[in-house]
Each structure stands twice: as structure tokens, then as C-alpha cells.
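To keep things simple, chains are lettered A, B, C and D as they appear, and every chain counts its residues starting from 1.
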């Protein structure tokens, strides 16, 4: 099962897990990314490159399936306007063994951070807004998978 | 939030995730262990050492909280009779950053496998039953946290 | 023949446009050549491409280095390093 | 004074008992001493402790090596390597 979804709607992480739990594997791992508040953040807008996004996520999912024996992968990424506490991204993996599920889940989120065409713009209480800068530590996180 | 539960009842992984997602962190990681079928497995019985189990899980959770800046940890472990497809264990972690959530989740499940007093006995279609043997690879998995 | 160019995030904001079509620069022209030509227009273009360490490119939906020839590609996208996830 | 001994998993099955109370062997007696005394009873006890690489011990709910003195502990548990998770 490969399930990729990019869109504005929220999603139910419990349902996502249940689908992965039903695949007959012994382990399901997940990561959910959430908009953090603080620093006066009011909202965030996620732009993407629609023609490229799902194709690029598809490539990353295929790469994970080539590296680990996975029974299922779910990747959901939201776009549009989001607020503190909102879910942004969900990555879930199912495998016969826990190591494959956990490692591939970490791999997928590391790659999504650095290789899927999304951009975040943050809007603050004082009226200013900033495009989020790519972080060197995200590139570092990726290095361990090479 | 530290949430530890050991018991016979099933649990809802969606609810577990929602509690962790609500803690204000940017990342929630989870691992769910499920009874795998195949090889003629009919059922499995999980025994434990009640006076020690929650104390030992508590120590492991405290160790995770000492190593990573966690906002929440949930560990649920079932005991008693389980069947293929049943959830056995859930580990969920919430943190400001994804690395801490993902690593601590892997750490917790690796430690639970090797340091919490549970024992599995498998019952097969042909009538025989076996205590599951501890696996050297579980000890190996633990080595990386030392 | 034309080449579609798309801009995203602050590259789009600096240029003030989601994208445009330009005359295809020929198979041998590189991504860098196209960016240099855009940058030479000055204004928001010059600003968007002033620091190329902060720009990334995709040709027909695949990330490419700047020295990549345009070849038969129909769509070039220019944008900052991605920040999803 | 007595020492409670608990057995789990196949150690319990071999011995045919969840546990028992024995006369406290004294603070200086080690876990290994207690196991040796139990093993000397023969039968299921000898069988359970025939291969000590397959046995683990906890004293008052904490894992301990076999050379640990019983001390003031009230409960000794003997069991195979754990297989939870």
C-alpha cells in the first residue's frame, strides 16, 4: 500500500494508523508534524509546486520501499493556511519488523524536509511575515541516509 | 505528560496520538507493535511481572526524558491472550523537534524489548506452543543507545 | 518553441509573477544561462537571483544543478531551498 | 525472616509453581547461592537452572547480576530473558 496525499484538508492520524496496522506487519511507525506556536506566530502558509509535489513524494516513497521491506507507506502533506496546533505532515510505515518501520519513517520525513517542493511563510502578530529558511541541520539529517 | 499503561484491554492509537499532538510540540512519533500471523500461529499469551512492570517502564521513560527534551511520552503494553492482528504495544513521543521524537520512540521500543519483564508464549494450529526466545538482534539494537 | 518558467516562494514575490513563457533558449543553453538572462532584466529579477546559493532549480519536475542543459525540457522552475515537512 | 521467590515463563513451568517463600539465606548470600540451593533440589528446579545463560534475576524489582548479595531484599524473581514489545 502506497498512499500519498497533498491537499488543504486536515486528516485523521488514527485512521491512517489503522490502515497501516491492518496490513499484516508486526510494526507500524509514524511521524506527525504540527505547527508550533510561540514567538507570536499567528498562521503559516504552505505553498507547493503542484505538478512536481506528488511525483517527488512518489520518488521518495519508492526509494524507501527499495531500501526497506515495507508493507505500506502513507505520506500526507497539507498546503494552504495553517495555524498553531494544526497537523502539517504525516508519515506512516508498516513492516514485518520494527527497525524497518522506524528507520524508513525517519528517512521519509528527513527527505520530505529537503526534497519535496514545499515552502512555508510565517505570519506574526506584529504584522510581519517571513519565508522560513531552509536549515543546515535538515541537510545534515539527510547525510546519514547516503 | 508521562502515560504508562499495562493491561489486557485494547487501546485506540488515534486517541493516543491526539493526546501527544495536543502538547504544543512540533513532532509526534509513534510505534505500534502488532501480533504477526503466519507459521500457523493461533494466539499468543503475554505474561508479565506485575510488581516490576510499570516501575521498569517508568525507569525507561525517565531515561528517555533525561536524554531528549520530550513534552510527552505514552507507553501502553498489553498482557494476556492476543491474536494475530492485535496490537501489543504502543510507544508515542512528543517533542519540539522531529529528531527527538523519532529517536526517543526508537529508544523506548528497543528498551522495552530487552528490559521490561514481559514474556510471550505462542500457540500454534498443530497444538504445540513455545516460549518466544529473546533475540540477539534486540540486544544489538540496544547497543547503539549506550 | 517556448519554455515555461515558474517561480515559487520569495523568488515569486521578488519577481512579482507566478511565471512566464520565454522563447526557448535552445537545447544547449543551461539553467544558469536562462537565469543570467532573467537576472539581466534587473529589478526584482536581479534581486531574486542575486545570491544563487539561495536558489534551486527543477527542470520538468526534477531537481537539477544550474549547469544542466535545458535540452527538450518544457518547464523550468526556480525557487528557494524547500522548507516542507 | 523469609525471602519470596517468584518464577516466570518457562522457569515457572519447569518448576511447576508461581513462586514460594524460603528461609532468608542471609544478607551475604548471593543470587547465585540461592539458585544453587534451589537447583540442588533436582527435578524441575535442576531443569530450570541447567543453563544459566538463559536465566535472568530481579531483586526487589530491579534486574541484578547473579553475583549480587541478597542483602535486605524481600523478593527475588527468576525468569528467562524478556521478550515483550
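Just so it is clear, a contact is a pair of C-beta atoms (placed from the backbone, for glycine too) under 8 Å apart; a residue touches a chain by one contact, two chains touch by 3 or more.
Remember, it's a predicted structure, so these values are computed and weren't measured experimentally.
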### Query
Any chains in contact with both subunit A and subunit D?
B
### Query
Going by the stated contact rule, which chains contact subunit B and subunit D alike?
none
### Query
In whole angstrom, what separates the CA-based centres of subunit C and subunit D?
72
### Task
Could you grab the centroid distance between subunit A and subunit B? Build each centroid from C-alpha atoms only and quote it in angstrom.
23
### Query
How big is the gap, in whole Å, between where the Cα atoms of subunit B centre and where those of subunit C centre?
48
### Task
List, in ascending order, every residue of subunit D touching at least 2 other chains.
85
#### Entry: Residues within subunit B bordering two or more other chains
33, 98, 109
### Query
What is the complete set of touching chain pairs?
A-B, A-C, B-D
### Of all residues in subunit B, those that touch subunit D in their complex
33, 46-49, 51-52, 55-56, 77, 88-89, 109, 112-121, 131-134
### Query
Which part of subunit D faces subunit B closely enough to touch in the complex?
6, 8-10, 58, 61-63, 75, 77, 79-85
### Message
Touching residues of subunit A toward subunit B in the complex: what are they?
### Response
12-15, 17-18, 21-22, 24-37, 85, 87, 96, 98-99, 101-102, 105-106, 109, 141
